[in-house]
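Chain naming follows the written order as A, B, C, D, E, F, G, H, I and J, and within any one chain the residues start at number 1.
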Amino acid sequence: MDRAEVTRKIISAKVVNKMTWKHIADRIGQSKEWTTAAMLGQMTLNAQQAGVARELFNLTDEETAWLQIVPYKGSLATQVATDPLIYRWHEIVSVYGTTIKELIHEEFGDGIMSAIDFSMDIQREADPKGDRVNVVLSGKFLPYKSY
Amino acid sequence: MDRAEVTRKIISAKVVNKMTWKHIADRIGQSKEWTTAAMLGQMTLNAQQAGVARELFNLTDEETAWLQIVPYKGSLATQVATDPLIYRWHEIVSVYGTTIKELIHEEFGDGIMSAIDFSMDIQREADPKGDRVNVVLSGKFLPYKSY
Amino acid sequence: MDRAEVTRKIISAKVVNKMTWKHIADRIGQSKEWTTAAMLGQMTLNAQQAGVARELFNLTDEETAWLQIVPYKGSLATQVATDPLIYRWHEIVSVYGTTIKELIHEEFGDGIMSAIDFSMDIQREADPKGDRVNVVLSGKFLPYKSY
Amino acid sequence: MDRAEVTRKIISAKVVNKMTWKHIADRIGQSKEWTTAAMLGQMTLNAQQAGVARELFNLTDEETAWLQIVPYKGSLATQVATDPLIYRWHEIVSVYGTTIKELIHEEFGDGIMSAIDFSMDIQREADPKGDRVNVVLSGKFLPYKSY
Amino acid sequence: MDRAEVTRKIISAKVVNKMTWKHIADRIGQSKEWTTAAMLGQMTLNAQQAGVARELFNLTDEETAWLQIVPYKGSLATQVATDPLIYRWHEIVSVYGTTIKELIHEEFGDGIMSAIDFSMDIQREADPKGDRVNVVLSGKFLPYKSY
Amino acid sequence: MDRAEVTRKIISAKVVNKMTWKHIADRIGQSKEWTTAAMLGQMTLNAQQAGVARELFNLTDEETAWLQIVPYKGSLATQVATDPLIYRWHEIVSVYGTTIKELIHEEFGDGIMSAIDFSMDIQREADPKGDRVNVVLSGKFLPYKSY
Amino acid sequence: MDRAEVTRKIISAKVVNKMTWKHIADRIGQSKEWTTAAMLGQMTLNAQQAGVARELFNLTDEETAWLQIVPYKGSLATQVATDPLIYRWHEIVSVYGTTIKELIHEEFGDGIMSAIDFSMDIQREADPKGDRVNVVLSGKFLPYKSY
Amino acid sequence: MDRAEVTRKIISAKVVNKMTWKHIADRIGQSKEWTTAAMLGQMTLNAQQAGVARELFNLTDEETAWLQIVPYKGSLATQVATDPLIYRWHEIVSVYGTTIKELIHEEFGDGIMSAIDFSMDIQREADPKGDRVNVVLSGKFLPYKSY
Amino acid sequence: MDRAEVTRKIISAKVVNKMTWKHIADRIGQSKEWTTAAMLGQMTLNAQQAGVARELFNLTDEETAWLQIVPYKGSLATQVATDPLIYRWHEIVSVYGTTIKELIHEEFGDGIMSAIDFSMDIQREADPKGDRVNVVLSGKFLPYKSY
Amino acid sequence: MDRAEVTRKIISAKVVNKMTWKHIADRIGQSKEWTTAAMLGQMTLNAQQAGVARELFNLTDEETAWLQIVPYKGSLATQVATDPLIYRWHEIVSVYGTTIKELIHEEFGDGIMSAIDFSMDIQREADPKGDRVNVVLSGKFLPYKSY
């Protein structure tokens, strides 16, 4: 058994029982963004959170233990995106990647925007010309230093 | 001559003259995000915007004409990111890609978040534990329909 | 269980029972193009359509539920096409891709032809020198805008 | 000198002189689709067509000779598409590729749709909800035979 | 079940029963080249041919049905050849590919040699310095035309 | 200077002077297949053959010396074929590769068909339904032996 | 069943019964180099050799039959070596590949060193500064000829 | 200037002046194998050896300095071998790689054969059935140890 | 059965029984670094160490035998790292690789730092600004020599 | 002009003038590790450091300006390492990558070792059995947090 099998079991249970991520997140007690990532095998749950997941998805002792082990991360099965929604994100990085780099360096100097000390918030933005997806990404700036 | 050569000339001029993207954007009259992408060869300028760029970077007639031609987009020289700042964005898509997909579908149904009818805003977020980079991405939701 | 398993079951049932896609599409009540894509795991069915599929292919409750979940899209098993029919389409993009880009931009300006707000129609075109395959692709033009 | 250099010279001349592909096609006396592909280095011109190109783009003797040599085809510089417009076509093949294969085989049996005995027509389709790009692809069906 | 499983069953039966492809081809009533390709999952059998295969390899109803379905073609498990015999063919294309292209164009003009309207014949050629493999490939020439 | 530069010079001279490979082969005194491969940088010329090439293409001393050096072989610029004519040959190996392997082993046992002790002959084959390209490949069989 | 499964069974039996390749080669009656390659699925056994393998590894009729079928060769599971011992051999080819090519051509002219008419011998070479691995590779020289 | 330019200059000089590697090695005072690798940019020369190279190839001060700088090693321009002679060496590793690994471990236990503390000797081996290339590779065995 | 299956069993047992690598290493009697690598299938255990592992993880005879067989090394499932922690190490090699090469050559001359005669030590380094990971890598320098 | 050109100029000057990295670092006033990385185009210099570099390498105004611009990082020209010294580092990550991950998580929980808030120290470690390269890597631990 490994974490990927637990992930597959969670997704299957969610489809059969027609649960939403929002409902699961409310039960876990964290944001829907972090909770979905955790359930999809990208984050580590603590004992209390794993206990809630156990009830929600009817997990065994070993499956519950796996949720508390740091996972091997990377949620995409293939290197080259074939799913149109996920591809659009690669396209954003492809088209705007150098722009993001230039503007962060202009504001902060040499360094990076952390993907670890990081949070994300996804919201519907009502718009008469068609609703929009609004995504806010917040990452700590980490500077390079000389030594 | 092609657009890439014009881009290289613009970047060289910016380094030598120590200009900022913010200053260039103010002169062009658009956001710093769109302007930087345009100067880096990802967007098409209209005649008036190209005229401003001509002055700023001391461009020739042919170089100014190229700025008004729709470019072949894709700002990254290599497929696999080696720059640490740009890699963090690939990592965000790798770790959170399936989360983003699940949550957009939960809210909107089948479809995508557009990377064309799209805008981006990058800001410094002051934080006592270390300032953060705050990026807002806004893309129109486009639904799949049956026919 | 995942959507790919449901797809394999549908294809197997179609082979054994010698059904045609046209017949299946008539039962589902959509075009043969959309229906085939949906059955091959690329589109999301609504409850009524999934109910018809259930009867046609003798699906279980869980399999029927999966048909109504937005799938991870991308119908080709490998990145590099080995099937001669599918390769010809990659060849069309390879040989005519820049032509298509130039002519759409000449007519519409900077933007793309949508692959989401999109439909396709495949017909036999009788021809004394050998019948032809006639494919009509229709996609909404989405313009880039400055901001 | 090779064909790619001639192509670059033609594109440069077109940008500087603000010509359209439609105008060039009228002068060459073929469709805008074939003519654009030919000018972009994908088709072979005959002596008369090459003579027109010579005048239009102010070509030398050697450059005019190259236009009449069968080119090494493939118009895209990189294997993985980074340009959003061209990528959408790869996405169409990725999502609908198996659908196209199934429906052509259902209608014609085993064989392919030719990309050689092939023509293409790109038109604007007016639509109150936003104009559409309409692309018609016509390729001869070539059957596999046993021997 | 899919076509690949039927192929594996046929190959296993052939090994256990020590049959030759020549014998199988005689029973099917086609050349050994076409028959071997068909049995290896690259060609579509008609009902009568599939009936013979059924007897030869003791196939079920469903397996016999799969032989009459147009297969996804491509007989090699990996993109990069590791088998020395198959690699020599890639080497022939690598070393002589441009030669073949030049000589076909010199004789026929722009176009291709069809791999669909195609046949192959493999024979032993006795030679005192060591017997040779003699392979004849015959493909219809398909010209590009302007439109 | 390297061999690739000599090849480019030879090709340029051939285009400008409208020579044919057949004519060049007659002057070199070898088959058109071997001669074309040699001129395209795949074979080594002896001093007499290099002397003829020198006259034909107006080569310098150093260029003539390079023709007599064993070249780094491999005539295709990219690993993945984009040219439709050359791709058809990859397709033949992809679809018929396992068939070729099976039939050679059935006739000869374990071993390979040499691509070194090898010759090729390309001819037009008149056919009322459209002329065909006829290619004969002849390679010595080399057996694996135990030791 | 295929040859790979037989290979796995042979390796498993060897581990459980703590046999050495030298012992197996003595029983088969060939060198340890050829025998190991054969047992690892790279060479074809004759009936007598397969009979010995049957006894040694307790094989079934079908497994014994597979050992006498010409295998699809290539012993490495992945294209890019991750095993340090095997990587050193790729490194030898990477660093010394051009040297080997130059020196063989200097001695023999244009052609190759055969990997088919080939044998290998691996011995321990005692050395006070640390024992060495001594590998002798012997391959027939095959010349390219013009035709 | 970098080492690759010096290598190109040395190779050009060798072609123009029709030198052999054996002659160059005699002058340098090392084996022909090490000397060729060094001249092809894979090894570092000492001051005395670089001085000989300077005379032989008429090098400048800076070029002579580069020969004494440790180079970035890897003599092959592309990852995938297209040259038939070099490919045969990849094939040896592909077919015999696991055999080599098994036999070295059987003799020495866990560890590797060094490609650094390594030497190579290439000789012609006369043989009435056709001369052979004989290559001896000698590398120190380096054991893994626990700690 | 192969070594990878034994590795999976060991990891599963460790998760279920909530053991630490430090505890396992104390029982095995080696460093935590070597022991973890060995348990993850990268090192070879001797009979005594394998006996301890047998008890700890409740292994069978065959599983215990596999631990004493030299493994095929390479602990990462995919070539391109998707796990953020492991990626940071690829980034260190990408950003500092040439620096490491330059400084080792400056100190030692041409040669390498061994990854075989190698040890590693990982420690927590307390730091008021946030604790640090301190990794010491020690590898024997192996010089290239001429011959 | 771009940063890569400045890097090439610096390296050339260092070879011609036989400078050491240690000497350059002393002049710049930082560690030899950081200074070498900076000179190789991986770090950003401040105005004072750039001024020292200007003198040392005789740089122009524009070249000095480029040293103060945040570079696109990634010091290796190719994705797949061919240099033996650099490859050993990829091998360390390949063999020990999962070990490093397990031990950092065991000590610190979920998170990463930073490659930005990072320093490196390379020293010779005298050893009677052959001197060793000792590398100390120190990176801040950054924890994942739920939100």
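Observations, loosely collected:
Basically, a residue touches a chain if its C-beta (ideal position, glycine included) is under 8 Å from a C-beta of that chain, and two chains touch if they have at least 3 such contacts.
Computed from a prediction, not measured in an experiment: that's the story for all the values here.
Listed by label, the chains that touch subunit B and also subunit J are A, I.
Set against the Cα centre of subunit B, the chain with the most distant centre is G. One finds 29 Å separating the Cα centroids of subunit B and subunit D. Chain centres here are Cα means. That of subunit A falls 41 Å from that of subunit D. The centroid of the Cα atoms in subunit C and the matching centroid in subunit G are 47 Å apart. Among the residues of subunit H, those in touch with two or more other chains are 33, 72-74, 76, 80, 82-84, 91, 94-95, 101, 105, 111-112, 114-116, 142. Pairs of chains in mutual contact: A-B, A-C, A-D, A-I, A-J, B-C, B-D, B-I, B-J, C-D, C-E, C-F, D-E, D-F, E-F, E-G, E-H, F-G, F-H, G-H, G-I, G-J, H-I, H-J, I-J.
Against subunit B, in their complex, subunit J makes its touches with residues 1-2, 61-62, 65-66, 69, 72-74, 76, 79, 115-116. Within the complex formed with subunit E, the subunit D residues making contact are 30-31, 33-34, 38, 43-44, 49, 70, 72, 101, 105, 109-112, 114, 116-117, 119, 142-147.
For subunit C in complex with subunit E, the touching residues are 8, 11-12, 15-16, 18, 77-78, 80, 82-84. Within the complex formed with subunit A, the residues of subunit B that make contact are 20-22, 32-33, 36-37, 40, 42, 73-76, 81, 83-86, 88-108, 111-115, 118, 120, 122, 124-125, 127, 129-142. Contacts from subunit J toward subunit G in the complex involve residues 80, 82, 84, 87, 91, 94-95.
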